[in-house]
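Presented below are the structures under discussion, each in the form of structure tokens.
Next come two complexes built around chain A: one with chain B, the other with chain C.
Let's turn to the complex of A and B:
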């Protein structure tokens, strides 16, 4: 199944106990778009010792600059979004029962029965539904609509939340052998990877790290962050769906998997928001081949990352995205392979070390 | 209206230019070849030329004199195309659209990849009376297997269809928007004297969301801007109701679904057409957008409009324009850029 195992085992380990613990802390934090405080505090704690300049901008982005000491440095902005998809309480029905809306893209059919946490205090609740005992066979054929669902905090919870509070899935981070199961891997993996890159940034670049807000509702934070940094190159580090399970119809080939687990970091050529700069794509692929790091091309598909906002900023920024493949993205529990996570970090780190401004020469192909 | 244009009154250089531009492949994001082709045509006639970070070709003609403005003229050089998403075990390539590609006009079409490979577009068996979707289509490159296939995930192709000269009307796969690039090039060469600093922008990635013009307009920071692009017509059997028709002159856009042309710009364009005794038509396009929107929203806002070339069968492999409209569009653009601009 995996051509990558051998390569990964022979390489320098980047993911150990400390790294996994930080990713767990990031994933377990609640940071739904527009209220990213919890993740922002972790990010600030981690990056302040690593950077010459750290600020929080008007929208809440953390903008951290690590200045290199080399000659002919390239100004590289790397963006990872701190927000996650989730919910917002919209209606107080009394007795700790709340109507809610979805923030970002979540399939409402998947909500029934999920445990949730509400607000900065992580008040536990559940998106409840009638027990099977009481439903008719007819009822069970239709998915419940968002309007029919409520978050139930129990009567004691009614004072602990209010309309406007964010809520998210209650899933706790866990390791399953070579895999990790957690909520919000999109994009805490990116946040983690960007923190790691700041720890070991090469001297040939100025690393302009943007931990962005409100990506899931339309790349909003990245837009102003890119305006602020005005970089020469933009990279979004994110997580993208892997729909790589076998088809039930065995005669057919799965032609729409987006990405596959165990095939390494996913390099973008085109999504709904960006056509990746081909010079940057070549640079990443050559780096991977040179360093023996597995990679895959993400299938050109709709969807978007912060690169969609960055590349259109000011007079234009050549941009690309790199993602860790993840099964069950934007649901209560995503699943990744540690090897893909580690290889993504290795690829980004190696690529940055090789970067120089010659890459920006206009291509005529 | 004459039924056919006598061949001896046509500008063969303009026809050759259009042919060259429409036959050069350049789907959005892959504008290297077409950019080089345009540069070749203009470099002897410009005061300054550069390629920006996204690949827009930006050429300046003239310097700002008393009463002059910084004017941006934008014609996009990208075209719609396809990108491979998967090659199956038997060597058939699945794909996604780059820009607004209609599945109906794909079937049986031929494509040319940027790496030189060629292919034809086939379709799965459809349910009776169902319309095809792009997911049902595939490119057959003649490969016998995945290993044998000359293309892989991420490879890009454009539609392949030679230029067709019907006399009064011209047909090609990418009149949208190479015919406008030809208009801009001709105007650039013909512009002998101008009080303005004119930035001719040959923009990229228009078909995927006006992306090139967005950054070009920021970089140029113009006082006034014009897109040059094709527009739909209402002059074919049982089509949408629309005032614009071929052979009635270039169209002056009043609005489309992406922006409302600045009324002062519309008035300026109408006055110029009248002054030069050129035919023109006013255009209201219900669905469609142009670089005009991107220019209008740049920086603190820019008065912007659009000079449109009426075009039948847009986004099909056989887009049709009128030779006379093209020639008159060149004359109108030269007129617009030669005189002082009064916006009121």
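Let's turn to the complex of A and C:
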């Protein structure tokens, strides 16, 4: 089936100034795995007016329940992780210079020469590199290792941070043309989308919203959140790599792109953590086709989302993931298309409206 | 008037001006220097010349202050599927490029970034180590058809990192090499506007230093200075950089010492620094300096040169870091030295 169906122009526009501003606030917040407070505060502010029950659990997950008024409701848990990859200061060299470790998966080659923010106060700092003039040609062929890098808060920066503080890239959210460029789009897009779904949740479901912690260090928050909610269905809303760049050899075609921008939400069938429930996949694809929303199948690849933890909880939870395709995940700045973001939200919203418990009934075929 | 150096410097850091493409930065410097100077002109190769007249009798001796204004950056070499391929303008270590914010100066300025393709899209040897410049791409966030309309091969690309204040006295950003030295010259002119000085002062924001010291080879021909002071950044100590070529950040300027430097001039300026307690370190420059002084010294019949260095961390990255204290010290040292120059100063310089 074609992943590039025409978008129906009648669809209601979902992404406007208010939505973009909230996503910007979420992305600019610093919320490294284990210290998700900045995003948690934003989430609590947004979801409290929308939900009957909101609690923060033992790990720091925000668990928000919006109860539908219909009959025969389906208990749907949707998870979006609040944490992001980043750094922790691990060593104080004095004079405002700190050694650091990576939290989550960041390629060391992405660190060099970047501005960073440190701690709750977002103290500005930089990760420097030796001047090219002082390097040998041999050195320039060897990637810099984490042990060689430092966060520099300036010569009078000693009192501004301490070992244990979290840090992240200092990139500010921006809109460029049809795209959005920001840090932590993985998974603030999911957090945003989940807040939006709570705003307009249909009455045929109980929406069990889990804003999870520690996804980037092992899907840990989702595990206990799923236990707590005990849902019938689990959905992780996340962001997944779009490796749709040209090959170095321009005569060949890149067939290993994982996902592609401008091709709509990415539906998972299999990743490194789970095989998606086939019935849920059908439900999402049929919804997209019925509503004229473009979608793509994420190429089966390693990697994983909160769905990997949810589906193994208690006696098992049929689960699936839907992601916004994103270039340059886990670097200083990712890039998405606004249209893919909007279509992801449209797909999830339409799918929830169509949901009933029959889709989990074993099919006769 | 007095100039507040931090906003002046931030304004300069936000302006593009790659080697050979200095128009935007030159306009800003011209506006900053105009109030202090009687004559301003642009050389045949784009350097800015500003004259602040002395009060000695004509013909007055002339000192030239040379700080290069050009920036390192990138240039577009190809467009493929909406991505740009690039080469460097000036010396750039490819290891600092992945993930850097840039501005592509196309039909309009496009916010963009340098990206490193995933390993499986690169040649096998490039995947896990340093990805060479030829394999890096620029992402504009625009779709391919739009990119084709807005960008051409040969368009230049500037770093886009906004200047960052670190703590209370340091500034980080791109192109602090060498806009901090331009700021030091501004500071010098500012001080001299409230002081008497017998000599004519020619402030020069030189062009194309990063690709062959072009401005510095040519400006002295127009100006005919009696001697020249080049001002440039030098290496500050930092993680991985601590040998004899590096100097503490924020603890004073350097005064270079070596074949590019006139020894008697060196002695004269150190006397000024000692008298006024302006901290400095002697910077050994055993061979060539890689600055404007290297060029100026051999123009025409030869010109005696000094070189003042402002220590800077992480040179030629977008997070170059200086201490504003050192920038002010460089400006003040020049102003004090110049205002004390007697008319017969050149006759007092002796080879010993």
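By our rule, the second predicted complex is superposed on the first by the 352 of 365 C-alpha atoms of A that agree within 3 Å, B and C clash if a C-alpha of one lies under 4 Å from a C-alpha of the other, contacts with A are read in each partner's own complex, and residues count from 1 in each chain.
Going forward, a residue touches a chain if its C-beta (ideal position, glycine included) is under 8 Å from a C-beta of that chain, and two chains touch if they have at least 3 such contacts.
Keep in mind that what you see is a predicted model, and the values were worked out from it rather than measured.
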Chain A superposed: clash or fit between chain B and chain C? fit
After the superposition on A, what does A:297 contact: first (chain B), second (chain C), both or neither? first
Which partner does A:256 reach: the first (chain B), the second (chain C), both, or neither? both
Mind working out whether A:269 is in touch with chain B, chain C, both or neither, as first, second, both or neither? first
Using C-alpha centres in the superposed arrangement, which angle lies between chain B and chain C as seen from chain A, in steps of 10 degrees? 130
Now for A:246: first (chain B), second (chain C), both, or neither, which partner does it touch? second
With both structures fitted on chain A, tell me whether chain B or chain C touches more of chain A's residues. C
Contact-wise, after the overlay, does A:58 reach chain B, chain C, both or neither (first, second, both, neither)? neither
Report the closest approach of chain B and chain C over their C-alpha atoms in the superposed model, as a whole number of Å. 10
Report, in rising order, the residues of chain A that make contact with chain B in one complex and with chain C in the other. 256
Which residues of chain B touch chain A in their complex? 28-30, 32-33, 35-36, 51-56, 83-86, 88-89, 94, 96, 98, 114, 135, 152-154, 205, 208, 211-212, 214-216, 218-219
Which residues, counting only chain C, touch chain A once they are in their complex? 80-81, 83, 91-101, 110-113, 115-118, 120-123, 126, 128-131, 135, 137, 139-143, 146, 161, 164-170, 172, 235, 238-241, 243, 245-246, 249-250, 290, 313-319, 321, 323
Under the touch definition given earlier, write down the residues of chain A that touch chain C in their complex. 93, 96-97, 107, 109-110, 112-115, 124-135, 140-144, 148-150, 152-157, 160, 170-171, 174, 176-179, 181, 241, 243, 245-250, 254, 256, 262, 327-328, 331-333, 335
Over in the complex, which chain A residues touch chain B? Could you list them? 232, 253, 255-256, 269-270, 275-276, 278, 281, 297, 299-301, 311-318, 360, 362-365
